[in-house]
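Each remark here refers to the structure printed beneath this line.
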Amino acid sequence: MSFLGRGASTPAGGVNHERMEMAINEIEMITDVFNRIVSSCHNKCISPRYSEGDLNKGESVCIDRCVAKFFEVNKKVGEKLQSAGANAAPS
Amino acid sequence: MDFSQFNSAEQAHMTKVIEKKQMQDFMRMYSSVVERCFNSCCSDFTSKALSSKEEQCVMNCADKFLKHSERVGARFAELNADAMGSQPGKH
Amino acid sequence: MSFLGRGASTPAGGVNHERMEMAINEIEMITDVFNRIVSSCHNKCISPRYSEGDLNKGESVCIDRCVAKFFEVNKKVGEKLQSAGANAAPS
Amino acid sequence: MDFSQFNSAEQAHMTKVIEKKQMQDFMRMYSSVVERCFNSCCSDFTSKALSSKEEQCVMNCADKFLKHSERVGARFAELNADAMGSQPGKH
Amino acid sequence: MDFSQFNSAEQAHMTKVIEKKQMQDFMRMYSSVVERCFNSCCSDFTSKALSSKEEQCVMNCADKFLKHSERVGARFAELNADAMGSQPGKH
Amino acid sequence: MSFLGRGASTPAGGVNHERMEMAINEIEMITDVFNRIVSSCHNKCISPRYSEGDLNKGESVCIDRCVAKFFEVNKKVGEKLQSAGANAAPS
């Protein structure tokens, strides 16, 4: 596989900067989404009175559903943006 | 912005930087739409699936956000051009 | 013009890093302002019920005025900060 | 993420980048917990010392945030793995 | 922060990095003031011009923000110095 | 001292990148905390009516206590996170 396909564009032992950058972008994207889920689901599921340090049953179940729902919204919006093209971004 | 006094090496560098930033901005915009529409449309966590009402709300929200963003972009470009015109080299 | 004025500080074919950096700072500043306008004017003008995906007449007019007003506030605050000097920032 | 097609120089570079990002993410997470728990627990400024009630609230808040964040992380990893599985090379 | 154990090349590098960050921080501070004062002072979008009442509010808001920020900076520096003093090499 | 301890790892006149990076991380951390204090204490202490540009007596005292309390919360949360270890962060 090393002399076929896109693998061929990397010099042996060197660094393919474009591929690095894509991987780093992907990590940043995932981290950003994760942080937004943590924040949104905290707002939705955790009561701000903090009378105890453990998650209670209701909060735990709420978090599980909240994360799943966020993923669904993420997917729906992704489909929407893909069909709309990228013509809303200013340059 | 006026890049006309840049030499070709500088213009090539700027083009790469701008492309990278546009990618990051698009990603950030995407996840901010997801977050905003999730927060506005989802508040029932008795189920992990999106209800059809929630899904409709999310689709409208994403749609409206894109149109909002495009309209802001158009006004922004006009006002920015005005500001550049009245204060050469400064805005 | 290549041997007069500030253009002279760039070696032919090379990259003037200071000038690049200023241009990049300017792009980041403009992007940051744009994103804040999108967010603020969305909060001011768009009803979070999302019963339709199009901007209605009232929302559209509101967005136009909102962007213009944000620019005015930006200008006023800029004048204020310039007259106050930069002595409020911690180092 | 799949790094298996990266060569060793690339993997070493990615490891460094990821370690740096993890440090920054941890720092950001830390100060976001402080901010969130301060905002939820402290609203009496007739004294500069934390009352015992405020302190208890802060400890519970930090505790709960960690457990919340861990639970979101677990669900996130599961759903992300599902998404990767169903759409190879895309998610 | 204590840079005394840095050699001159390192100090020169740090100075450049810090100058760049100060510029970015100032820019971010500037646009956050604009956003905050706009959000607090402007809520009438029947006109695109700032009313004299809105303008006064914006000027006071920016003024107050600067004084607030300066005061926080002064307290912050004192408390930071205390924390450094009590825990050498850690804070 | 130049041939003992950690000082030895820096080539004379060169730049110890690891040490630079740690210092830069520390600056970013401090800036982030400072910005969160400015924002949180503004929300807690400053009335958003902006009928004057000066801080009044009550606001000034509130700011001083608010900053001190934020530092206390920062310390408590730091102790908590240290005892919890870093096992909540997703990679």
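As written, the chain order gives the labels A, B, C, D, E and F, with residue 1 at the start of each chain.
The rule is short, and it goes like this: a contact is a pair of C-beta atoms (placed from the backbone, for glycine too) under 8 Å apart; a residue touches a chain by one contact, two chains touch by 3 or more.
Predicted model, so just to flag it, every value in this text is computed and none were measured.
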| request: Enter the minimum step count from chain C to chain D; a value of 1 means the two chains touch. | output: 3
| field | Repeated interface matching B-C, over half of the contact pairs identical, chosen among D-F, A-B or A-D | value | A-D
| query | With chain centres set to the mean of the C-alpha atoms, which chain is at the far end from chain D? | reply | C
| Where chain A and chain F are represented by their mean Cα positions, the distance between them in whole Å | 27
| said: Between chain A and chain E, what distance separates the C-alpha centroids? Give it in angstrom. | reply: 30
| request: Report the inter-chain centroid distance for chain C and chain E in whole angstrom, where each centroid is the mean of the CA atoms. | output: 18
| message | Where in chain C do residues touch at least two different other chains? | response | 28, 34, 39, 45, 64, 68, 90
| remark: Residues in chain B with touches to at least two other chains are numbered 18, 25, 28-29, 32, 37, 41, 58-59, 63, 67, 69, 73, 76
| query | What is the shape of the graph in which nodes denote protein chains and edges denote touching chain pairs (line, ring, star, complete, other)? | reply | ring
| field | Order in which chains appear around the ring, chain B first, chain C after it | value | B, C, E, F, D, A
| remark: Given the complex, residues on chain E that touch chain F span 1, 3, 5-10, 13-14, 17-18, 21, 25, 28-29, 32, 36-37, 40-41, 57-61, 63-65, 67-69, 71-73, 75-76, 79-80, 83
| Partner chain A, residues of chain B touching it in the complex | 18, 20, 22-35, 37-39, 41-43, 45-50, 54-55, 58-59, 62-63, 66-67, 69-70, 73, 76-77
| What residues of chain F sit close enough to touch chain D in their complex? | 21, 25, 28-29, 32-33, 36, 39-40, 43-45, 61-62, 64-66, 68-70, 72-74, 76-78, 80-81, 84, 86-91
| query | What residues on chain C touch chain B, complex-wise? | reply | 7, 10, 12-16, 19-20, 23-24, 26-28, 30-31, 34-35, 37-39, 41-42, 45-46, 48-55, 59-60, 63-64, 67-68, 71
